[in-house]
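Each of the next two complexes has subunit A plus one other chain: subunit B in the first, subunit C in the second.
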Partner chain A sequence: MKSLKTYAVLYLIFLYAPIFLLPLFAFNSSTIIAFPLESFTTEWFTQLLTLSEMHGALLNSLKIAVTSAVLATTLGIFAAMAVSRYSFPGQKGIMGFIMLPLVLPEIIVAVSLLIVILRMGFDTGAWSVIAGHTLICTPFAIAILQSAFAALDPSLEEAAYDLGETPASTFRLVTLPLVMPGIISALLISFTISMDEFIIAFFLTGAEPTLPVYLFSMLRFPKLLPAVMALGTILVVLSILLITIAEFFRRRGAKRTGNDTGGFL
Partner chain B sequence: MTADKPLISLQNVNKHYGDYHALRSINLDIKQGEFFSLLGPSGCGKTTLLRTIAGFEDYDTGAVMISDRDMRGVPANKRPTNMVFQSYAIFPHLSVIENVAFGLRKSKMSKTDKMLAAEAALEMVGLKGYGHRAAHALSGGQRQRVALARALVLKPKVLLLDEPLSALDRKMREQMQVELIKLQREVGITFILVTHDQEEALVMSDRIAVMFEGEIAQCDDPEILYRKPNSKRVADFIGVMNFLPATVRKEGETYLATIAGLGETEITEAQCPGGVPLQNDNGGEATVGFRPETLTLLYEGQTATHREAPAVVDEVVYYGDMTYYDVRFEGVEKPVRISMRNIFGRDVLGVGTQVRVSWSPGALVVFDQSA
Partner chain C sequence: MAASDRIRRFFRTEQGIGMLLVSPTALYALLLLAVPLIAIFVISFWTQTGVRDFDTAFTLANYKEALTDPLYRQLMLRSLMVSGLVTLITVVLAFPIAYFVSFGVKPEHKSLWIFLITIPFWTSYLIRVFLWKVILGYNGVLNSGLKLVGLIDEPLSFILYNVNAVIITLAHAYAPFAILPIFVALEKIDRSLLEASRDLGESRTMTFLRVTLPLAAPGVVAAVLIVFIPTIGDYVTPRLVGGPGGLMIANMIQTQFLRLNNAPLGATLAVLAMLIVAVIAVAFLLLGNRAAGGKKGARK
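Here is the complex of A and B:
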């Protein structure tokens, strides 16, 4: 029992210690990332404001992440509905192929997409990253949405239909509000995955790098390393904030509808 | 609507799920204002039939007529029927009043009138003042009432109820049975209830259709169904029925049955729902059925009004107000159940007691052995 506790603590340290080091060095005045720490500074954060290339990369990443998240979630809704509401020949096989990118090495997706795009005579750019990210985000969205749809009693939809609604208004008035927590979860997870995805973005980003690709290129300049730490700190804080807010809304929704659907926390 | 014309008429309705014949030539007329039940074991097609009337299921051949209108191609949202689902299907994201008023969304009533109608429906089901509550915070019985109010506020011609009481505990269920009967009388709407609970069907219905394997085995009012089941199967499904083997023969114009353990008695054609089971001129094999309450244990000094037979008590089941005795007649291996009302001052008999059992030939139902 005691050794299990020690193991759990060690495991948590292994997981989170590197993340705790980020803010430590982000506020350290030395340009060298090493102990002992020198003195407290916010210089690296102000330096971030001057890096216009980084701003472009951030904007790029946000655009790509939002678009991919919306696309993946929309596709996910259709797929999850199809699986939970209907049964059709080849259902299992089709779902297997849709979920495959979950375990497919990203490098394979990236390289094959790159070859296809170039061979077809197109240029890479934000759109090709969006395509790649939608591909890898969709299975996650489906996994979350499927549990949301599965928790939805099909007679709720029948009841709305029986009470005079059309299939479309039934979806709008009953289905959508009840799976909304799942949809928000799917959007956020897809957004987060796209935001920090590196391999596909590295291969397909073209002339406009995403934030992870830009960060990687910055590592060649030791002078900029503390600024990278500062940026990392901001991203960690924002991620925690975002997930907390999402979970808050999800739990409130779950409490209201009386059943807990989807969600990672 | 004239009195003799049925509100709902099912004409030779057939339905297949792949190779499975789910509904077999269903013919059924249901009158305006009737409390009608579809009763049968699970998988007998009763819910499929209900959903066919509601418009949720298609059928292969035949016709579903409501108020003389053929319902083929009319979707559920355009039919004059409303349904109370087994799970109640209360919208959890809406308040009670929003649930009840849901079906009025498309009506041309003013907003105030809609709210008034919803309030009135809530009051009718005994939930006055619950309108603002969140639907998910209600108890099972309250959800049931909201589902009823939500369906009745639209004033449908037919209310369809799919096992509405099966999720409630026994006390609540019995209370709701009485309330449903009262409610149905009050609103005068035709109710069609699906249930697997024969007691529930007997208590609530004007008429009951008993279904087995996609077929209607018998459709009658509760008393006839109980007293004159047309087959062994129906007899066995409705209440408790004792069966004993017998032989039947004809002597002149009278029919005589020799029943194992009970002896010979005269029977009439009216007691044989499938016709007198005479396989040939000399006689035939039969099964006689009789309800536990048609038999009486005779205490000392009592005499039988009709006939009596000796037996031994095999098992005693004490229910407080009633005692069920399983007794064995002489020469019969199979025990026969007798129900006795417990009367103050009369002892419950023990296992192994020698008893005399009074029985009435008129209470017997005679079935073809194979039926």
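Here is the complex of A and C:
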């Protein structure tokens, strides 16, 4: 086990190595991304403030990510409730199909949606990115919500029915508060996935780029690379923060219902 | 009236409520996944005539072109080779980690380890891939660092904008995907089985080979599929670190759709890629099942 532990630590270093390089170059005054480092600067972060195109892309991404997260979590609640409470004909096939985007290469989702949208005579835009992101976020939302619903004691809901609550008020007063940590976790994860997704946005975003699409276009200009490093640092810090909050809620939910599987997937 | 009555009654049964509940999500997947996938299949038999116009007469010309043109064949084979190698590397490297977290870490620390392993997966994919370009590139971190220490005079060329760089980058990106399924399978193993094996006189190594490994097989199979299928369609990594010799099929699909404006040929390449992946995945599953079944028989 001792040598395994050494291996595990080395492996973690390998996993984190690229991320640790980000702040090094984001605060380095040289315009070339290479060692040796020169001196400390915050110039690249201030440069970000002047890139107005980036601000538009950021707003666009936020709009898309919030909408996709809400839609994916809503769809996730329906499916997670259905599988954790009821068994219905064709359950395996239907759920397998809903979860398919989890393994399907994103480029396939992107081109197939693009072709249908163009064929139907619509123009691509933020709405089509939302449609695609909702599709790929839903399986993640389901995975998180399913364990939240599965761990919920059905007798609590039965008690509410017996006390005269309707199905709707039972859901609002009993079910929802108990699975809320799962819902928040699903919202945050979906938001993070959508903010980060590139391929589907690249194909479906039309004239208004999302942040990753804008970032991708920045990569072609060596002059902008230090700013990319600064933006990357901010994005990485934010997503680690969001994921940590999501994990906190997921665990709280797991603790509340006494069922911790130990991970998102 | 009897029929609608029966329908109404069905939606009050357990099965009916379940179907009703899952229907919004299922409908969404049907409209935004099934319909587009069918559309792309249909369009692969058409011909592009204008920017948004197609000749809808059925033709196999796209398939003929995709299968005979050496460029497409080369891209397809390279994609298969890259994702095959990436799968092999990630799964082999991931197994000891999953084993360590499942067997060597105190129960209260397990979710922390899993959390630490998954965090890099949630940070910007684009940035992560670009950082590998920074690390492996001509004046990259690795080369400039090694030059600084005096270990090399010339940049290492075998990791420079080629297939190897693609493989390293993808193996890094998909590492958590491989660890999680194996970890879940290992967690499910009843620890008393291992004790029983030891009590019956098997060595540590034999217990691992004859008890742990077969029981972990479903996790390994899941890990292989969950890495192999998406990597074949990766676009960003070959584009950023692959150079001209490291491009993969997804890059060609993008070129057909967005640059050459030949959606039918792009659709054909996408369909073929999915078909090949599906065939390999099914073959792998069947082989896996057969191997597991064979072992069960032998144990009797």
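As a working rule, the second predicted complex is superposed on the first by the 242 of 265 C-alpha atoms of A that agree within 3 Å, B and C clash if a C-alpha of one lies under 4 Å from a C-alpha of the other, contacts with A are read in each partner's own complex, and residues count from 1 in each chain.
The rule is short, and it goes like this: contacts are C-beta pairs under 8 Å (C-beta built on N, C-alpha and C of every residue); 3 or more make two chains touch, one makes a residue touch a chain.
Because the structure is a prediction, the values reported are computed rather than measured.
The superposition on subunit A brings subunit B alongside subunit C with room for both. Contact with subunit C, but none with subunit B, is seen for A:Met1 once the two complexes are overlaid on the shared chain. Within the superposed three-chain model, A:Thr138 lies in touch with subunit C and out of touch with subunit B [touch as defined at top]. In the superposition on chain A, A:Glu106 makes contact with subunit C only, while subunit B stays out of contact range. Once chain A of one complex is fitted onto chain A of the other, the partner contacts of A:Leu163 are limited to subunit B, with no touch recorded for subunit C. Applying the stated contact rule after C-alpha superposition, one finds that A:Ile33 touches subunit C and leaves subunit B untouched. One of subunit B and subunit C touches more residues of subunit A, and that partner is C.
With chain A as the common frame, subunit A serves as the apex of an angle whose CA-centre rays point to subunit B and subunit C; its value is 90 degrees, to a multiple of 10.
By the touch criterion defined above, A:Ala201 lies against neither subunit B nor subunit C after alignment on the C-alpha atoms of chain A.
Closest CA pair between subunit B and subunit C after superposition: 10 Å apart. Against subunit A, the residues of subunit B that register as touching in their complex are 54, 56, 75-78, 81-83, 85-87, 89, 91-93, 102-103, 105-106, 134, 136, 150-151, 154. In the complex of the two chains, the subunit C residues touching subunit A come out as 14-19, 21-26, 28-29, 32-37, 39-40, 43, 52, 93, 96-97, 99-101, 103-104, 110-111, 113-120, 122-128, 130-132, 134-135, 139-141, 144-145, 148, 172, 175-177, 180-181, 183-184, 187, 225-226, 229-230, 232-236, 240, 250, 253-254, 257-258, 263, 266-267, 270, 273-274.
Against subunit C, in their complex, subunit A makes its touches with residues 1, 4-5, 7-8, 11-12, 14-19, 21-22, 25, 32-36, 75-76, 78-79, 81-83, 85-89, 91, 94-95, 97-98, 100-109, 111-116, 118-119, 131-132, 134-135, 138, 142, 192, 196, 198-199, 203, 212, 215-216, 219, 228, 232, 235-236, 239-240, 242-243, 247, 251, 260-265.
Chain contact summary for the complex, subunit A toward subunit B: residues 153, 155-156, 158-166, 173-174, 177-178, 256-259.
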